[in-house]
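Input: structures, listed below.
Shared chain: subunit A. Partners: subunit B in the first complex, subunit C in the second.
And now, the complex of A and B:
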């Protein structure tokens, strides 16, 4: 284990050392034609609403648009499969005041959830947007339940949340939401077309978005594939095209250390052309520099993998250990940025990355559905004694023993004197043999940056300060909502609520 | 003094409480027409190079363009006076390996200066661009000397710099550079036109910038004033239009707390339309969220004022005191972000802003040319005893006395055990009566964000990743150079070097 095959973040290792890691797209964007004037455009068809992208935001927008009485609504997806990056996320959904919270005796409110997010956002999150999302989160959760999503019968308390308020799909994956929503869309009459790529807006003389230029029959990665396809929209366009975490040039423009060698949890299609085309139209770029890395990822597997959900579930009753010192180095349930920054500081004597380890009593670790898988696929380990564990990971065993004793004292007392961790979820869960262990290293996960929007999902023009007519945006393609660091499980409610909001705005509801 | 008239940053106070403070422009941008196709444009004139903006970058570009053999070069300035925001900055110029450093026995190098800036940039600054600027900083300094700029005969060591490397104009102001450069421009045949506003690019069929749409006879703030004026460029356009710190809507999009009530050191013309028009053209927005506040500003005067230069000069041999505790709360020469964040944490019992004070022995303070002015204009105070000082600012006198004794021990030992301040410049400078005092509170000062450029000052297209033909940018309008926090006195060399670089690139040098 001393020769780490790790893809460092601050120090680069050439080549792609992770078996099976999805290579990030070095420059996936084609030279798009800019948006064009409607004059002379030959429309292929006219519909009420065009929705670009089929993740949480696009699907929720589709369903809500039909429920608000829209006639022809089509979701266009550039990839061969629907669901976008949403389909491969962790399927974690935060909402305040849910029936499960009431059942478990958890006191929560819109204001508590907003306060948690403002804190993580380091004061520059958009409080109005966060409140709007929190107020409608239950409604969005209900939409998924009605469509057939199934959640675990327990709540999780993710890093930075002051109470347990997070549902998770039983498949531990966003597909547990996108697939039912996609079915629901079709059931309610939303058209869905895949392999159709967004290629620009079509504008009328006043600058209003009158439709979209698309590429039909597009094969991702083959930028010459497909042919132009002009769709006119009676009511408007909803951009739900997601972030740009897989576009290496664009993410390196913000952070030169996020090279192609750095791991990324996102679907390959997250290349950002919808967002950047909106900037060309005059949308305000907000918080582009704030790209979030997930502190729960493993350097031993590609993408989101099996470890991420396993560690998210186990962090509250686990300890994260710096292998140089044998000691804890962070509050295991702090917000994502706090933890990712702390992990990146775990280095060997040469300053090279030395991924820290998360230690959990196997008795508790095995409660998570991925526990057996992390062992099976060699991205997690089980040890009967601390000595074996310490030897395997080259950790000073004496210091580690002391640390565990100390931490178990905190479990007993209910107070973490080292890092102020909320021990509520750790109650009675001592760190004891046998031990489950995974390695941790942050991966690029989420773009906080995007286009500035209003609480009506309108996109503002940088010169006039007014909404761009005929245009709406929802989800990760928008920026500023979460500030410097987004809390886990807050993206699904945001995507869905803002998708629903866009549909309502467009329908004048 | 307990009822502070301060304009808080994290807590808002309605209304403009600062006497004489320049009100930030709530929404200065007109609804510009987007860039237009060259087809059908009736050109008013054709020149070699159009330079938009007359600050450090624009002026250096003008001079260098002529020296490289350009024929017709015109600088267009929207305001009635030339010099832009540069003319009112502090006139501080950092360069490594200068004659004055050699004279004073200071060891410095390009790599040391780059390392200082990378540290302040928190790892996401553009190392290649910083090195390019540091390598050519001496050359730019020479251009100002040749043009007639006069500097103080001493070097300053500003916050975050590991050695003294900063020249300052004798007028303690950027006008000490812009005015000589403007004269030099005219002497070398550069045309200069004021009250001409940039209003968009004119593009040929391939997307190349073929010229600019301007508004001639423009009166700032009267968005209907002036008339269109089309200038064709044989060689290209250099955008040197600066930042957007005075555009409240656009800065609040990045940080909702930077309301119109928050102080700003910038000239009123810093409204960002050049930058945002380049985003419309396809330029990549970089680091837009990183807006720097100056920790040396005073809440007792508007804009940059008299205190800023006074405190920049005095910080190395002064102490900054939290009035609640009577104690120091920061390294007085840490980088700008570190200090601004620390000052913003100085609060009274209600959480309201309680501006900290900077205490200097008057014997040393009076060496600065602004020392008498800060007393004269009532934005600085002089006290014969610590008791009077403590009473005036409501500071616990016992704690303050202890703090000063302790600090004077650090001066003697040459080591600051509290905050690790570099005590080199404090040698022999004890804090003793009589005392000079100013209040401190951060003001919006600099936009690290802007368009992504190459080391040739080319502007990259977000889709193709290639330079936009016919377009160059230099200075604060560009982004990513400095990362999260720019070091003081590093903007003038950057603006000038990149302006010169743009001129060389455009001339194929």
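And now, the complex of A and C:
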């Protein structure tokens, strides 16, 4: 069985390699990428609106721009495939006042949703933007339904939400939205081009964004690939380039704990150079250091994988164990940051990462739809005895046994004397054989920071405080909307609504 | 570059010259639809159909990108490549030809 562990270990290291490579990219670039004056630029093409990035924000912007009467609209995507983080996300979509809430008798409102988000934003979220998004979230949901997205017939109530208001696509993935929206874009006449990288803005004499410099035929990671291509925009540019969680240097500049050792759930293209260019132009950076890591991820698979949802479900009735000591080391349902930091402290004698393990009674673990999958795809394990488990993960078995006995006492008493975990959801759920086990390691997940925008998706200039003419931004590339911590399922509505808003602003609607 | 080291069943392409695939010029990569001159994506998708809970893991017609993943993201004629899926998943693709 030890080869399984080796496999995990090897993958883990490979994962770091990918992150490391991505980190090197943006620093090779700035010399190439920067804004230029339109004087002397030979335009290759003139269109109405250039949209940079093909996630929720870019796709919604494209459809709405067409519906508002824009003629030539093109979405430029630097990667070989369309969809960015949106195409790999969990497909969870929050909106207030939906038909399903009515059907199920759930009372909700824009105000309630904003209040929930303000609370988790810890006082520094942007109330005006949150309200604008909540007010239009139903329109965005409708856009996906019209395009053919299909949702589970039930609502979910995610952490921090005071009522059930979250739809989820039947495929439990954002691709259940990006694929229909991409098709809809094309149906309505939006052009979509892959392997085209945004490299800078082209400005007229007054400083207005007149177009963009692109690199056509770009191969991700090969910074000298492709050829410059200048596109003039009659109406404007919408930046929908997403977050920067894959850019290790940039994220470490904000939060030095987010080294290459910390994994990442994001698509590889989330490197942030589009945001950088807006800063160069004068955009206001907001909340750059608020970067969220997911403590529910596994080093045995890439990205979000199958384990994340499995462990989110199981944490309340599981124990997380440091393999050096055989002891618990955190409250398994503390906030995301507390847990991510605690996991990062789990190390072997040389100080190298030693991903901790989560142990669950298989009886409870198997209630989650991914339980079978984590076993099938070799990212989770099932053991009949504690001895086998301890041997497999090289955990001191005596200490582990003692820890489990102690913890089961807390389950019985309803009080966790070790870490103060709320034992409400662990009631009656003792840790007993057979055991389900996954390895844990935090992954950088979401960037709350980015460029400051208005409720019209205009990008503000840090000197004048006025909107930069011809420039709009939407989605994860913008900052400050959610404050310190974004609630789950609130990014899809934000990205889509602000993408639609950008299109409306450009078209004067 | 210039090294053949390709698939034996592409022999005829090598015989008719590099530009039979390299439609953008010899020193640069072929366009994303170059392979489609000979290979039909619908046929490929049918050939790699998966059943039940694996239905959306069809590499030629999958959950995230449908039938649009450029061939060269998973296959390399002159270099070995892993399936794109393996960046996040541990699915088995036993019949994958580099």
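By our rule, the second predicted complex is superposed on the first by the 345 of 509 C-alpha atoms of A that agree within 3 Å, B and C clash if a C-alpha of one lies under 4 Å from a C-alpha of the other, contacts with A are read in each partner's own complex, and residues count from 1 in each chain.
We take it that a residue touches a chain if its C-beta (ideal position, glycine included) is under 8 Å from a C-beta of that chain, and two chains touch if they have at least 3 such contacts.
Just so it is clear, the structure is predicted and the values come from calculations on it, not from any experiment.
Asker: Which partner does A:441 reach: the first (subunit B), the second (subunit C), both, or neither?
Answerer: neither
Asker: A:179 in the overlay: touching subunit B, subunit C, both, or neither? Say first, second, both or neither.
Answerer: So A:179 only meets subunit C here.
Asker: Once the structures are superposed on A, label A:82 by its partner contacts, choosing first (subunit B), second (subunit C), both or neither.
Answerer: second
Asker: Thinking of the overlay built on chain A, is A:256 touched by subunit B (first), by subunit C (second), by both, or by neither?
Answerer: first
Asker: For A:304, decide between first (touching subunit B), second (touching subunit C), both and neither.
Answerer: Touch status of A:304: second partner only.
Asker: Per the contact definition in the header, classify A:407: touching subunit B only (first), subunit C only (second), both, or neither.
Answerer: Neither partner.
Asker: Now for A:219: first (subunit B), second (subunit C), both, or neither, which partner does it touch?
Answerer: After superposing on A, A:219 lies in contact with subunit C but is clear of subunit B.
Asker: Looking only at contacts as defined up top, I'd like to know whether subunit B or subunit C touches more of subunit A.
Answerer: Between subunit B and subunit C, B touches the greater number of residues in subunit A.
Asker: Could you say whether A:289 touches subunit B, subunit C, both of them, or neither, answering first, second, both or neither?
Answerer: A:289 sits against subunit B, while subunit C stays out of touch.
Asker: If I apply the document's touch criterion, which positions on subunit A are contacted by subunit B in one structure and by subunit C in the other?
Answerer: none
Asker: Which subunit A residues qualify as touching subunit C in the complex?
Answerer: Interface residues on the subunit A side: 18, 80-83, 87-88, 171, 173, 175, 178-179, 194-195, 217, 219, 268, 300-305, 377-379.
Asker: Mind pulling up the subunit B residues that touch subunit A in the complex?
Answerer: Answer in residue numbers: 10, 27, 29-32, 34, 123-124, 126-127, 207, 249-250, 253-257, 273, 276, 279-282, 284-290, 449, 452, 460-465, 480, 484.
Asker: Which residues, counting only subunit C, touch subunit A once they are in their complex?
Answerer: Interface residues on the subunit C side: 24, 28-29, 32, 56, 63-66, 68-70, 72-73, 84, 86-91.
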